[in-house]
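So, here come the structures, one by one.
Next come two complexes built around chain A: one with chain B, the other with chain C.
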Partner chain A sequence: MTIQTIIFIILAAVICVCSVLAIFTRRILRSATYLLFVLFATAGIYFLLNYSFLGAVQLLIYAGGITILYVFSILLTSSEGDKAEPLKSGKMIAGLVTTLVGTGLCVFVILKHKFSTAVFESGELDIQTIGNALMGTGKYQYILPFEVISVLLLACIVGGIMIARKR
Partner chain B sequence: MFDFGIITSWIHEFLTSYLPLGLATFLECVLVGVCIILLYVVIAVIMIYMERKVCAAFQCRLGPNRVGPWGTIQLICDMIKMLTKEIISVRKSDKFLYNLAPFIVILASVMAFSCLPFGRGMSVLDFNVGVFFLMASSSIGVVGILLAGWGSNNKYSLIGAMRSGAQMISYELSASLSLLTIIVLTDTMQFSEIVMRQQDGWFIFKGHIPAVIAFVVYLIAGNAEVNRGPFDLPEAESELTAGYHTEYSGMHFGLFYVAEFVNLFIIAGVATTIFLGGWMPLHVSGLDGFNHIMDLIPGFIWFFGKAFFVVWLLMWMKWTFPRLRIDQILTLEWRYLIPISLVNLLVMVIVVVFKLHF
Partner chain C sequence: MVQMEWYLVLSTIMMFVGILGFLVRRNLLAMLISIELILNSVDINFAVFNRYLFPDQLEGVFFTIFAIGVSAAETAVAIAIIINIYRNMKNIQVKNLNKMQEE
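Here is the complex of A and B:
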């Protein structure tokens, strides 16, 4: 067992345990905190795969951005000591069935899919390669999605201002 | 310049000659972790002593001067006091989040701290996305502060945390934009590479006008990001008792306190690395004799000298200006600093495209 395998097992265990905890806790802010741990561990897996760019993006966007947004909106909307009410049995059964079906589907797809063989590249991916791929117009380059996402964000900003500044 | 990488590779060879590779790597990780935490604590102590002395000097006082020569042992006593104080738990607070918050803050701080290059070959994390990783890891600290404000079950804490969150998220933008300005000039994000590119002149000289503007913007935004100086609203003691760490005591408070000071050092260290050449000595192209004399001074002395100079600048700022109101802080950021740094980024692109830099 190599050191990589051990680290992977630890990270995977953290992801599994924290995901389950995030669902089962009654307090919404704790749920957000467990989600933060899940995102940390995912970033850890990216670092383990030697893809530090994606790891840093994961930390910056998800852990540093989206979780803070969640926490902020929770602080603004809920009052202290808020707890979710226990679920009714009908909802519980529906949730369980959905979960089982979803898990089955995921496992089926993962087992059926033929993954291309892992090629371990030593060293890191050059930042210039990533930049060219993101901003290039050629084949396997992503300028169009990049710009479309920026238009989407612009629309979100305008919408936010419209909602907040309605006088 | 002396390459510290010789020592680290010697240690690596020594360990791998006795142990299997995986175990040796693990041992090295532990060793590096211990070293970085020791350095963290030492820098925190130096920073707190410096803060008290500089503050005293600006207010025409003497500062600590009773315990030890020039009051140097005062800090050790304070540390022991802090370590032995009782950690009070607040009733009806969310215990888990309340106890977790200081550790998230310190985790973010240590992660950002280990990115700094202290000398040639003397850096822990040297990714090729180094600057990006540093911004990512320092942005996690906000979560800790927000959780602290929520977990304490206290109105003052919550108000302090909300202010801090709004302030830190806003100022991160202009801090990142001013770092980006220099990355346009260097075309690399790796810290060791950034330092090597400054061999024939620091970026603040090479990039002239846009670099100086970026440096000033970075200092202002950095000071606001660590909740200090004229921007210390989150813990404005005259209105919020102590802001988000009102309910914390003992070493839990100590962790916030230490993290704040080391974050200040990290801001100074990043400013040093990006703008002032990091551990690279002052080189003037053409004057070879002068350059050789400058090379005799070891790299880490250059680094710490410059970093503490920047720290001193930031403390000067803190003890000179009165505290701003929250709307003034946000106006300063969104109306002035962000437009300035965006235009500045454009100017830097023009400078680089037309090769107007030195």
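Here is the complex of A and C:
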């Protein structure tokens, strides 16, 4: 059992337990905190896959930005002692059956399929390669999606201000 | 070394926990948190496929980066809408939202 396997098992346990807790806890602020733990563990998965840049992006944007947005909006919108009401058990059972069947089906398909060359090639992806591919205009380079996502972010800024401002 | 299928099983579990949360929670912010779980599992899948099957190429990494950007934008707009809803009806439970069509 190598050190990678042990770290993977720890991260997988954190992800599974904390995502289930994030769904089923009654208080919404605790739910956001468990989501933060899941995001940290996901960044750990990226580091384990030797994608350091991706892990850093995950930590910065998700764990640093989106979680703060969630916490602020939860504090703005939930009143004191606000708890989720208990669910009707019929809907709960229907959802559980649906997701269990879906999980079983997908896991069955994944384990049944033989992937062609699934070997782990370690090796760090250096930042210069990422920068060249992100800013280049040739084949397998990504200047157009980069520009499109910048326009999307601008539209989101304008839309967020328009929707959330006081009239 | 960790087998590739373990990562895929992990992200499948995460995705279906997110779907379950989307189905059973009745609070708008809780549903948004479930959507974040689903998006995260898809990002793990992109990175894992890139590392194990096509280690010379960069498509998975870039799709993950762009998916993170798009989900950040989506979260910001959704939270703006939720705050606006809270201002109008002092509540963000889903069962009250059909009042919006009367006003």
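Convention: the second predicted complex is superposed on the first by the 141 of 167 C-alpha atoms of A that agree within 3 Å, B and C clash if a C-alpha of one lies under 4 Å from a C-alpha of the other, contacts with A are read in each partner's own complex, and residues count from 1 in each chain.
One rule holds in what follows: a residue touches a chain if its C-beta (ideal position, glycine included) is under 8 Å from a C-beta of that chain, and two chains touch if they have at least 3 such contacts.
On a predicted model such as this, the values are computed, not experimentally measured, just so you know.
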- Message: Quick check for you: in the superposed arrangement, does A:Thr33 touch first (chain B), second (chain C), both or neither?
- Response: first
- Task: May I ask you to name which of chain B and chain C touches more residues of chain A?
- Result: C
- Message: With both complexes superposed on chain A, which partner does A:Ile10 reach: first (chain B), second (chain C), both or neither?
- Response: neither
- Task: With the two complexes superposed on chain A, say which partner A:Val158 touches: chain B (first), chain C (second), both, or neither.
- Result: neither
- Which partner does A:Met135 reach: the first (chain B), the second (chain C), both, or neither? neither
- After superposition on the shared chain, which partner residues are touched by A:Ile143: those of chain B (first), chain C (second), both, or neither? neither
- Task: Have a look at where A:Ala56 lands relative to chain B and chain C in the superposition and call it first, second, both or neither.
- Result: first
- Message: Looking at A:Ser116 after the superposition, I want to know if it touches chain B, chain C, both of them or none. Which is it: first, second, both, neither?
- Response: second
- For A:Gly65, select first, second, both or neither according to whether it touches chain B, chain C, the two together, or no partner. both
- Given the touch rule stated above, what does A:Leu75 touch, chain B (first), chain C (second), both, or neither? first
- Query: Touching chain B and also chain C: which chain A residues?
  - Reply: 2, 53, 57, 65, 125
- Once bound in the complex, which stretches of chain B touch chain A? 22, 25-26, 92, 94, 96-97, 100, 127-129, 132-133, 135-137, 139-140, 142-143, 146-147, 149-150, 153, 158, 161-162, 165, 169, 187-190
- Message: Looking at the complex, which residues from chain A come into contact with chain C?
- Response: 2, 4-5, 8, 12, 15-16, 19-20, 22-23, 28, 31-32, 35, 38-39, 42, 45-46, 48-51, 53-54, 57-58, 61-62, 65-66, 69-70, 73-74, 76-78, 84-85, 87, 91-92, 94-96, 98-99, 102-103, 106-107, 110-111, 115-121, 123, 125, 129-130, 133-134, 140, 142, 145, 149, 152-153, 156, 159-161, 163-164, 166
- Message: Could you list, by residue number, the parts of chain C that touch chain A in their complex?
- Response: 1-10, 12-14, 16-21, 23-27, 29-30, 32-34, 36-37, 40, 43-44, 47-48, 51-53, 55, 57-59, 61-62, 64-66, 68-77, 79-84, 86-87, 92
- Residues of chain A touching chain B in their complex? 2-3, 27, 29-30, 33, 36, 52-53, 55-57, 59-60, 63-65, 67-68, 71-72, 75, 80-81, 124-128
